[in-house]
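Several structures are given next for inspection.
You will see subunit A twice below: alongside subunit B first, and alongside subunit C after that.
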Partner chain A sequence: MFFHIVLERNMQLHPRHFGRDLRDKLVAKLMKDVEGTCSGRHGFIVAITGIESVGKGLIRDGTGFVTFPVKYNCVVFRPFKGEILEAVVTMVNKMGFFAEAGPVQIFVSNHLIPDDMEFQSGDMPNYTTSDGSVKIQKDSEVRLKIIGTRVDATEIFCIGTIKDDFLGVISDPGATS
Partner chain B sequence: MSLAADSPVPSSSSDDLAAFLDAELDTASDASAGREEVAKVEESDVGDEGDYDLDLKRVKRCKVELSEGIINLQSSSSQEESAEVSGGSSSPKNTMCPHPGVYAGMCMKCGQKVDDETGVPFGYIHKNLRLANDEVARLRDKDLKNLLRHRKLYLVLDLDHTLLNSSRLADITAEEGYLHDQRDALPDTLKSSLFRLGWMHMMTKLRPFVHTFLKEASNLFEMYIYTMGERPYALEMAKLLDPGDIYFNSRIIAQGDCTTRHQKGLDVVLGQESAVLILDDTEAVWGKHKENLILMERYHFFASSCKHFGFNCKSLSELRSDESETDGQLATVLKILQRVHSLFFDEGRKDDLEDQDVRQVLKTVRKEVLRDCKIVFTHVFPTNFPAEHHQLWKMAEQLGATCSTKLDASVTHVVSMDAGTDKSRWAVQEKKFLVHPRWIEASNYLWQKQPEENFPVTPANSK
Partner chain C sequence: MASIEPFNRLVKLAARAFYDDITTKGENQPKAGRSDNRGIAVVILDALTRRQWVREEDLAKDLKLHTKQLRRTLRFFEEEKLVTRDHRKETSKGAKIYNAAVAATVDGQKTGREGDEKQKMHTQSYCCLDYAQIYDVVRYRLHRMKKKLKDELESKNTVQEYICPNCNKRYTALDALRLISPNDEYFHCESCNGILVAESDKLAAQELGDGDDNASRRRHDKLKDMLTKMEEQLKPLMDQLARVKDLPVPEFGSLQAWELRANAAGRVGNGELNANDPSKSLHGLGFGGTPMPYVGETKVEVAFSGTDEKGDVKSVNTNTPMKVLPPWMIKEGMNLTKEQRGETKPEAKMGGSLTTSELSDDKKSANVQDEEKNIQV
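The block that comes next holds the complex of A and B.
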């Protein structure tokens, strides 16, 4: 799920950046450091939308670096247990498949794939129903439900299922075999 | 992007919001009041009950507990259902889920945190994947049935000295310098199989016939790469051997995936041991699976490879020659693999295929090589060494020959390192074949009885 929240971060700036463009440089550094990272608590920081405030800088003893506390608004993405997401399948193997929804990787094990779907190996390994009507292969889009998330320092892993109602393939990739 | 503090900001701080959502959506506490909204949406989705599995039951049970505080929108039939479920045990998923596997610390089936370290890690598929032993067995069975239906077996391939030969750039000798200095002048066959990997400081030469071999083998086998090299090296080599990523897909096993140090094992291969064949140049690393192994002759293209194994001769690159494409080791092994495959699938009837063991078939094929040969060894084993335990004796027996220590009329071959011994002279006298031990080894590698005249024994002093 996406959220728009205020986060705070202490940015350290080297004295060579001091001058007329101090705030611009600070903001540029913030964006470079923070966009695309993941924190366990808030999820993936997708984009910074604005700066709320920049506090007074504090000069650190010993070095000339100055620390500014910056409050900024950003869009974050964090998956939750029970959430339903659309994802793109990236890898299919006999244990299940891996799908990606933006920056988060979700694993759906074959225990949580409907029983009528069988694994077919080959050039393009896939899961297919017995009548061939529904197929899950690389680059298919699926709707899945997250049943577990585990948060690392820098990454979020999820387990998903497509065994419930209204879950499963949304669209097949263009090429059919 | 404005630096002024004008953007709309929610009143609650971000930490509070995250904590609030965490608490609400955490299913450890089932009956939390805040889930009314979530439950309401789910209730409207409850149509006709279809088949139930554990997950659905759990969701319905939670809804039952909430419905005490909410207007009951459910139909009477679902109410009966839920009443029945809530009368059951406190938390069905905790006691009944067998936790078949663990992905990033969570059970693959129920999503709970599982912290145990049992089972086998499958790091080559994904670095956080572990499977319980039962699950591995179940998957193996299921996969075997699937593969047998497609008339395929499993093939595990080693990389170094089996399918290719690599050398560090620093070890390239002066005589081999032509390989990268005059690259354009090389013949096409050489150019297409010689690769320079600057970022890994290596040069790699693919064994002749390897592309045809892989293409033919992929029709009969599901293939794995299993190397003692490191993962990045393995992935690079796989890219060279399989640019389309069709042969190996995610089945590349490297050193870090071995469960026992310095030993390769079939425990990380998702295939039944009775249907796996292994192609490797080293026997020692396959301690427990020697019967599945087809030993390959080592491919030494680069000088550094020859030196590493203690050979003082010039390497193939220095001699500017190469193994024969149509007659080399890979072509021979391919024929053997095709033979084993056809024997496996033609002998067994469809129902019994699962009981067939590829190791038995391999033994049968091996026993045909030196069939009808009776061998006596002389001056080959150290004195006072029990002859039956010697590697050559065992190799000859595996190849179908009978070995003996006594000379008699039924003996066909005398294997000797010195033409001057009594037994050697007896062989010449009785017009029996007198051959060097290499004859047995060559027959082993080439899966064919070699012409005896190519392995004469010199009458010099013992080596």
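The block that comes next holds the complex of A and C.
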């Protein structure tokens, strides 16, 4: 789920940037550092929407670097257990398939794929129903439900299921019919 | 507290439902026959329903069990949160205080412990049923059983586990990222690179019978079967839980508190007949040396604050009334309760009291009457 929250970070700035554009340089550095990273507590930081405040800079002893505490608004994405997401399949395996929903990877094991779908290996391994009507292969879009998340310090990984009602393939990749 | 009876029934039902095959022998001693003591847990729990705080050695003696066996079972119960235990160092004097407390509550139990240890400090262990926790624990257990079956039935939201057959290392589906291999389509163990095997459903064993399409349906049916059988067999227990739900839970408090209460109540209840009663009482030692003659129960009239509970407990344990004194014994100025004067109807209600306690009571009441004679004279 997406959230819009205020986060704080201490940014270090080299003296060569001091001058008229100090604040802009600071913001640019912040964006470069933070956008696209993931923290276990807040989730993936998708985009910075604005700066709330920049505190007083503190000159570090020994070097000329200055540390500014910056408060900024940003959009974060954090998956939760029980959430329903759409994802794109990236890899199909005998043990299940991997899908991606934005920055987060989700694994659906074959135990949580409906029983009537069988694995078929080949150059394009896929899961398909007995009558061939529904097929899950690379680049298919599926709707899945998250049943567990594993949150490390800088990494989030999920497992999901498509065995419930209204879950499963949304659309096939354009190539195959 | 009349409400102890439904709770006792709950304990008995739960004991027979869940603990009737607990054995205290380790798994590596598969002795059957004479030394097979499965079911002893039920006996112990039943015995505890008839007592409050009890010393473990006394309980072992009453039940004719080895102390070690009893302790092991009680330790098991303590872990299951059914009983609370208290261990404290005591001299023989302290032990007698406890004995007096017990006698004041329970029907004529002649406990031993006649001061054989002089002034040594022994660690005595006491145990008591914890009714509030028992109620919660039983409900939680039932809830977990049902949840497990239901989850397997709908096979929803179970995190898949994987085992390496070579080194027996376990993984969950959450580790899947680390387990994929570039070569083939299986998961590989991190240490030995063996191919991992998915662990099947715990409850419904996978039968590799004919045709995989049957296996899942058979699993489903088996689980459903288990669920219905469980509901039906546990129905009495669940009914008892419902009945007990709104009742106040019997509370004995800590060992110290209970002892104080029991001794105080015992003393007050028998205050009227307090004379130099000889060793009819327990070992002659109580608080401050006050003798505690054991008389009949059911102090309905004594509204002594703080011992209401005490009085109720006593009434449940033995429903014997105070003996009615014949009119020729009653003199002016005697401090008797209404019961003893034979005036009120509670006596009639308790006319149908337990006869089992009457034997011991007769002896005691005879003593009481002797006492009366002494006083009068």
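As a convention for this text, the second predicted complex is superposed on the first by the 176 of 177 C-alpha atoms of A that agree within 3 Å, B and C clash if a C-alpha of one lies under 4 Å from a C-alpha of the other, contacts with A are read in each partner's own complex, and residues count from 1 in each chain.
One rule holds for everything that comes next: contacts are C-beta pairs under 8 Å (C-beta built on N, C-alpha and C of every residue); 3 or more make two chains touch, one makes a residue touch a chain.
Small disclaimer: the values here were computed from a predicted structure and weren't measured.
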Fit or clash - subunit C, subunit B, common subunit A: clash
Touching partner for A:23 - first (subunit B), second (subunit C), both, neither: first
Touched partner set for A:134, first subunit B, second subunit C, both or neither: neither
Touching partner for A:5 - first (subunit B), second (subunit C), both, neither: first
Which of subunit B and subunit C A:13 touches, first, second, both or neither: neither
If touched residues of subunit A are counted for subunit B and for subunit C, the larger one: B
Contacts of A:47 with subunit B and subunit C, given as first, second, both or neither: neither
First (subunit B), second (subunit C), both or neither touched by A:96: both
Touching partner for A:88 - first (subunit B), second (subunit C), both, neither: neither
Single subunit B stretch clashing with subunit C - from 7-15, 43-51 or 115-123: 115-123
Shared subunit A surface residues [contacts with subunit B and with subunit C]: 91, 93-96, 98, 107, 109, 111-112, 121, 125, 147-148, 150, 157, 159, 161, 163-164
Parts of subunit B lying in touch with subunit A, wherever the complex brings them together: 1-3, 5-7, 9-10, 13-15, 17-18, 21, 25-27, 38, 45, 47, 50, 53, 55-56, 100-101, 103-113, 122, 125-126, 128-129, 131, 139, 142-143, 146-147, 150, 222, 244, 246, 249-250, 270
List of subunit A residues in touch with subunit B within their complex: 3-7, 23, 27, 41-42, 48-54, 73, 78, 80-83, 91, 93-96, 98, 107, 109, 111-112, 118-119, 121, 123, 125, 147-150, 152, 157, 159, 161, 163-166
Of subunit C, residues touching subunit A in the complex: 155-160, 173-177, 180, 185-187, 198, 216
Partner subunit C, residues of subunit A touching it in the complex: 91, 93-96, 98, 105, 107, 109-112, 115, 121, 125, 147-148, 150, 157, 159, 161, 163-164
